[in-house]
Amino acid sequence: MIQENDRVLLSGQKREFFVRACDKEFSTDKGILNLSDLIGLNSGDLIYTHLQKPFKVIVPRPVDYFSYAKRTGAPMLPKDIGTVIAYTGMNKKDTVLDAGTGSGVAAIFFGGIAKMVVTYEKRPEFAEVCRKNIDDAGLDNVKVRAEDVLLSDGEYDIVHLDMQIEKEHVEHAHKLLKNGGYLATYTPFLEQTFNVMDAAKPVFSEVVCHELIGRELSRTERGTRPSTRVCHTGYITVCRK
Amino acid sequence: MIQENDRVLLSGQKREFFVRACDKEFSTDKGILNLSDLIGLNSGDLIYTHLQKPFKVIVPRPVDYFSYAKRTGAPMLPKDIGTVIAYTGMNKKDTVLDAGTGSGVAAIFFGGIAKMVVTYEKRPEFAEVCRKNIDDAGLDNVKVRAEDVLLSDGEYDIVHLDMQIEKEHVEHAHKLLKNGGYLATYTPFLEQTFNVMDAAKPVFSEVVCHELIGRELSRTERGTRPSTRVCHTGYITVCRK
Amino acid sequence: MIQENDRVLLSGQKREFFVRACDKEFSTDKGILNLSDLIGLNSGDLIYTHLQKPFKVIVPRPVDYFSYAKRTGAPMLPKDIGTVIAYTGMNKKDTVLDAGTGSGVAAIFFGGIAKMVVTYEKRPEFAEVCRKNIDDAGLDNVKVRAEDVLLSDGEYDIVHLDMQIEKEHVEHAHKLLKNGGYLATYTPFLEQTFNVMDAAKPVFSEVVCHELIGRELSRTERGTRPSTRVCHTGYITVCRK
Amino acid sequence: MIQENDRVLLSGQKREFFVRACDKEFSTDKGILNLSDLIGLNSGDLIYTHLQKPFKVIVPRPVDYFSYAKRTGAPMLPKDIGTVIAYTGMNKKDTVLDAGTGSGVAAIFFGGIAKMVVTYEKRPEFAEVCRKNIDDAGLDNVKVRAEDVLLSDGEYDIVHLDMQIEKEHVEHAHKLLKNGGYLATYTPFLEQTFNVMDAAKPVFSEVVCHELIGRELSRTERGTRPSTRVCHTGYITVCRK
């Protein structure tokens, strides 16, 4: 049941809105919505504008935070987050350290899966944005630390780094990991990727670097073809202790 | 702590073995291991052969079941499983219906993440293999149904189909889903992919088909380059209700 | 030696201009050029603006017509033209039939290689643009026919189609080809590609469909990575008689 | 008309043979062919085995030398040769220097297009294989030099290097080129590619590095899909003087 201050996705009339259940009005070109009406509703219920146009009420999922959360820069794409989750086998027993939080999109995905996530973001203003996004996502198992990841300690199943990575970060990650656990790094440039691979090879038992070229298939009346744009995003290096 | 009958990954001496903690011996070219010694150990402990060669004891992760579980055919690759997880935003609050279980690798990944997974496999001999693999993985929130997925009912956050998909399967999936929930299908051939997209477009609010071309980066003394083999695996179509 | 009315590429001052050796002035932000000064010069000579800024004189190559020729629509990319040339083994002994000329970019590449090219473009206004571009390129072995390719006859080493292709076009191409010769088709959509493959399989001895995903490698001070945009252009089907 | 000693491709009975018109017999599982019967025939004629099974007589094209020429190592793929041809705009007016000849496959493609090709291969045994292949291809405009390309001089429209490339090779190529001409290099590894790009940037006016990921589309009764294997071959760097 939706409570006051919860984030809600409204879908209908070929539109989508990401709102908050609160004591405010929300104007659309299909009429005005009273957002306090959302409180007490459930996912799938309908809400109507003053013009009697219905919108479907949806409790947001992690993918919606990718689309709608406040951003501090370009977040990792779901395809890359999915690669980290799959090749580390992230699951609900895991304790995950994440660093280079940014707007927290990856941390939100991880928080929905793992037992606990600690995410390090040393730029305080980014850490602030991230805290709000994680709060919006209703995750109480994700802790944001506004400090350098090299100051972290503890024992983790998975360490995920999306930041400028030096040799010392790879070695620090190795120390933090349980045996059989994984370091996964995201690096947009080849030089950084080489650095990670070279730093990881002597200390990890397995190092595999993945590149994923993702395309959407476009299907219209004219015909079907891969979308004409493909994003290179980066390299995901997965290292097992 | 490892208990009798648990699956255990042994890593060391540049080798990896997937064994069971039980009352048996296990011969390696580095000496004989007494598998009952595993009982009571923890992930990260060492076990020694009769030649005093140590192996690291690792509690398996979902990725290990991809490598070592008994197979009924070619399972989905982690990159494709990761795409399903990420684009549906699968998380621990979710109830997931999976069909076309095969050896159960996708169900094992999903079971580690979701609250509950029901997986349909109508070929009884495959359902049997799958049950054993899921049992090995220690998952008690994954139920295997040896029947046609069209017989399923209930309400799900996510439906995942990896099988011959007809229009009726897409429409049945739509009925099973909550509002805001996702159908994700895996189809190796374009014709099937077109069928899924065409069946989904009239009933779902959003239909996106992804193709992921995955490559590994090979880094040796000779130099760095993409691995010379890339697998086309299939198309992942993600449809939101 | 450059003659009156020849096309000339001017390169220098971090700029590039595609001009004509003629009795006119050409204004640049680096000063005015007297284009009649080009007559009698050779590739590699310098020409100066009235501000004494030099530009290198270059006799254009086929790639320059890709960049600068007047367009009637999106021409085939050089990577796709190169695929046609390589998989057909196009060479100076060949007689080539080209259809769906458009602005004539492919015909200009082929004309630089083959003994003779006949190109069919049934839209008269496109045929007109194409004639001018081919004339500019100084090719006297390329004939433009403003009519339907199904009206063509003769004997060819290579037939190249970049147009809406029906079964009858594939069969007509087969009739026009010498034994051992090649049909190469360019189709942006999968449905058309299927049609071509299905029409070709019964009549040609070999049918191979290529997709080329091309990326540029971007190398800057920040690092090296594949460019973030990739174009899907189309499928090249190569059929040997 | 086929002359004594010419290479001939025989196609039929779902088989393909690459033979020589000469005073010998050639045994197939469909009967014996008398190869001297080929002399005087034309492309497209038929030749019969002693069992009256016909084979189509085809004068080989450059692509056939890719398939059948004697190899000294892995030759460049047609897709990469096509990329060089297209992005340099190679045509019949061009004088081309090629180095790292190997078995001469690229030189055979270039020789069919350009006015003249000089190809450098410093390993004498490879130069010998290459000479025979070029001779077989009937090209009298391709000269093989069994020496280091750094000893070359003259003026070229295009320089193509498929070898271990050092900075001095890039600079030497620049000296050999006409203004507006192109250096194209083929490098399988990223490190070499970086070296070429770094050496070229200060001396060439334009440096673009291409990667082509090529896939074949497989279409069978089961359905249509990209072939499951993709080759990374290498990077083509194209530099304009």
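Residue numbering begins at 1 within each chain, and the chains themselves are lettered A, B, C and D in the order written.
The rule is short, and it goes like this: a contact is a pair of C-beta atoms (placed from the backbone, for glycine too) under 8 Å apart; a residue touches a chain by one contact, two chains touch by 3 or more.
In this text the structure is predicted, and so the values were computed from the model without any measurement.
Farthest from subunit C in terms of Cα centroid separation is B.
Between B-D and A-B, more contacting C-beta pairs join the chains of A-B.
Over half of the residue numbers at the subunit C-subunit D interface are used by both copies of the sequence.
Taking only C-alpha atoms, you rotate subunit A by 180 degrees to land it on subunit D; that is to the nearest 5.
Between the Cα centres of subunit A and subunit D there is a gap of 48 Å. With centres defined as mean CA coordinates, subunit B is found 21 Å away from subunit A. Spacing of subunit B relative to subunit D, judged by their CA centroids, is 45 angstrom.
The set of subunit A residues touching two or more other chains comprises 190, 213, 215, 224, 226.
Here subunit B touches subunit A in the complex through residues 9, 11, 43-44, 56-64, 78-79, 81-93, 109, 112-113, 178-180, 182, 190, 193-194, 197-198, 205, 208-217, 219, 224, 226, 235, going by the rule given at the top. Only residues 188-192, 213, 215, 222-234 of subunit D touch subunit B when the two sit together in their complex.
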